Amino acid sequence: MYAVEVRDHIMIAHSFKGEMFGPAQQLHGATFVVDVAFFRENLSANDVVVDIGRATDTLKEILKPLNYKNLDELPQFKGKQTTTETLSHYVFDQMVDALKNGVLGEESNGVSRIRVTLHESHVARAWFEGPVERA
Amino acid sequence: MYAVEVRDHIMIAHSFKGEMFGPAQQLHGATFVVDVAFFRENLSANDVVVDIGRATDTLKEILKPLNYKNLDELPQFKGKQTTTETLSHYVFDQMVDALKNGVLGEESNGVSRIRVTLHESHVARAWFEGPVERA
Amino acid sequence: MYAVEVRDHIMIAHSFKGEMFGPAQQLHGATFVVDVAFFRENLSANDVVVDIGRATDTLKEILKPLNYKNLDELPQFKGKQTTTETLSHYVFDQMVDALKNGVLGEESNGVSRIRVTLHESHVARAWFEGPVERA
Amino acid sequence: MYAVEVRDHIMIAHSFKGEMFGPAQQLHGATFVVDVAFFRENLSANDVVVDIGRATDTLKEILKPLNYKNLDELPQFKGKQTTTETLSHYVFDQMVDALKNGVLGEESNGVSRIRVTLHESHVARAWFEGPVERA
Amino acid sequence: MYAVEVRDHIMIAHSFKGEMFGPAQQLHGATFVVDVAFFRENLSANDVVVDIGRATDTLKEILKPLNYKNLDELPQFKGKQTTTETLSHYVFDQMVDALKNGVLGEESNGVSRIRVTLHESHVARAWFEGPVERA
Amino acid sequence: MYAVEVRDHIMIAHSFKGEMFGPAQQLHGATFVVDVAFFRENLSANDVVVDIGRATDTLKEILKPLNYKNLDELPQFKGKQTTTETLSHYVFDQMVDALKNGVLGEESNGVSRIRVTLHESHVARAWFEGPVERA
């Protein structure tokens, strides 16, 4: 299995609902350093997993609507908890959509799995990994 | 698959038995930066993999009896090699027990796998990953 | 010149005032990984720069009122910009006060300079360094 | 599953063929920080995954013919693209051969999988992971 | 003294002249992760060291003519050794010029020193630091 | 001012004397990742700060007598505390001697300062920096 992983980051505000979150129920924030890994069994005709330039640009586009925002006020997260876990899944879903819509180009056609990791500090991170299901 | 990973560290002395270990047969030591990753298919009701505060506290509790110690003198390692590999498994076993005993709280009930990584330097690390088997 | 540096982190929300800040004028947030370095010419009687346990605890105490908060609502930052630069200076001032008030203990009496670094992402950080002026 | 991972690096020149590569079609270069992870279900008699000294030495030997070279001029890469992906596979193949030929010693007999990661910058990396197939 | 540091990277080919360089006399290459730190005594009216967006953009512009190139063929390095040390100085000179020419904007007027660090691997780096001399 | 920094590491056991050290009075250990930075105003005839190969080899030689040892039993540390601070100074002294004795070769003749940093974990490090005084 081959993989390629690219990195970007966002700086956001948010808060959580539920006693379990303790002080994180207050409005606070985070820098999320975001890694997206693309997996596939065999390489493309050009011997790559993805066009790394397109993968990087697509990640930036996906993160843009979140960057420098208070996630509590964004419609796509209304009524939802924006934990590091759910945000990992959110970026995963967006990247799968981009992949299916051809935004990453022909080179990425064989990508079969994606993993999105959000590093929230030097001592904690979360990720979501799943298959890219095609019709 | 979702995951959350937390980090702590210990500073210990130890030695190995067996020619294969060369100079590491002498009493020496290590800083182990310890990462514990918790895996599960679906998130808890609060949209997390684990209560990250409890996970961090539990890791600290597990590491405490080892920290600032000579592992050669601890009863739990008597007659055993404390390689980075076996220590990874030791921390894994302790964390699985804590999980089963409810130390990590209700949020962690769905955790199905754990991976424990011990970084011994900037150029070497070991880990153990396995399922959380429930009765 | 000797130095010892310790690390902790905070997760905060804030916003900036002024066109120059572009999208950062919106309410957003950051994880700041905070390094505090203590400098001195000669070591203490116990051959240390500071009691590293006390230094770490003091840093945690200084950061606590900021952690999981919206800095825009804290009285100590009223009418001020909480840029990475000014926050570095803020933590510096708090640490100098703690040092002068004996919070770091006798071991730290000879500390003559402090540097506070705030890492805001994997690609940007700021710091403030200055002398510890004693009466 | 246990794993041990060791690290080394190379500094090489190369170029790619194909419009998709954009400016990387020009002769340029890279520092590849190379991590090799060895996986196995159970530890050796000495409680290790591999003899870490031999693993490190073998990695250095494998990388030596590439280090400080222009990969475009090496016979082993003639007519091939030396993408980070294909180089990961190349190092994987070399390490599997070394393993089968006993270069890593008896301690490594139980290794069942290998993963080779090449970090090409602070924001991008690729890896290849596969089984060690024995006759 | 305040500082702000930003990061980018380049991937280049080059070679050195002189027996001292051993195998590095051959055409090889490097990824240089480039950090530029800006220093000043007092902050701007907006409480920053520099406009971090402009600083990042300017660094990218300075690195662009080198990125994905064989430095041996660039006119600006003709007859010169492109060691990590001299490249640090080169980027420093370019950044000082940009600063003097107003490319970094009014916010950066008080910058009095710059340091440019080039990380060539996980085990080696070089830097050049000097004053910004204004007429 | 130019600088070049190289990295290696050691794994040692030791203990401290004095109540201030708390649990670190017990025999424990550490991995020290060791960075040595060499500073000079102008580069050598070959445009380098030091011959980086020699610098790396010399650091390895200096660390060798400490690596895989219990520092409490080494004659050079008899009656001394082997804190991270004093070990930084010890490596500094050894490197200055090597430099004066020509071990680093002609390229290093202009080195005027050295800084030795010992990273003891992901959250703590110490360093010693001083001039290279020549007769």
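Letters A, B, C, D, E and F name the chains as they come in the text, with residue numbers starting at 1 for each one.
Here is the rule we go by: contacts are C-beta pairs under 8 Å (C-beta built on N, C-alpha and C of every residue); 3 or more make two chains touch, one makes a residue touch a chain.
Quantities reported herein were computed from a predicted structural model and do not represent experimental measurements.
Chains that touch both subunit B and subunit E are the following: D, F.
Graph distance from subunit C to subunit E, where chains that touch are one step apart, equals 1.
Chain centres here are C-alpha means, and the one lying farthest from subunit C is D. In this assembly, the C-alpha centroid of subunit C lies 41 Å from the C-alpha centroid of subunit D. Centroid to centroid, with C-alpha atoms defining each point, subunit A and subunit C lie 31 Å apart. Subunit C and subunit F have Cα centroids lying 27 Å from one another.
For subunit C, the set of residues that touch two or more other chains comprises 7, 122-123. Subunit E makes touch with subunit F in their complex at residues 16, 18, 20-22, 80-81, 83-86, 88-89, 122-130. Residues 1-8, 43, 46-49, 51-53, 56, 105, 107 of subunit A touch subunit D in their complex. Interface residues of subunit E, counted against subunit D in their complex, comprise 7, 9, 11-14, 23-24, 26-33, 67-70, 120-123.
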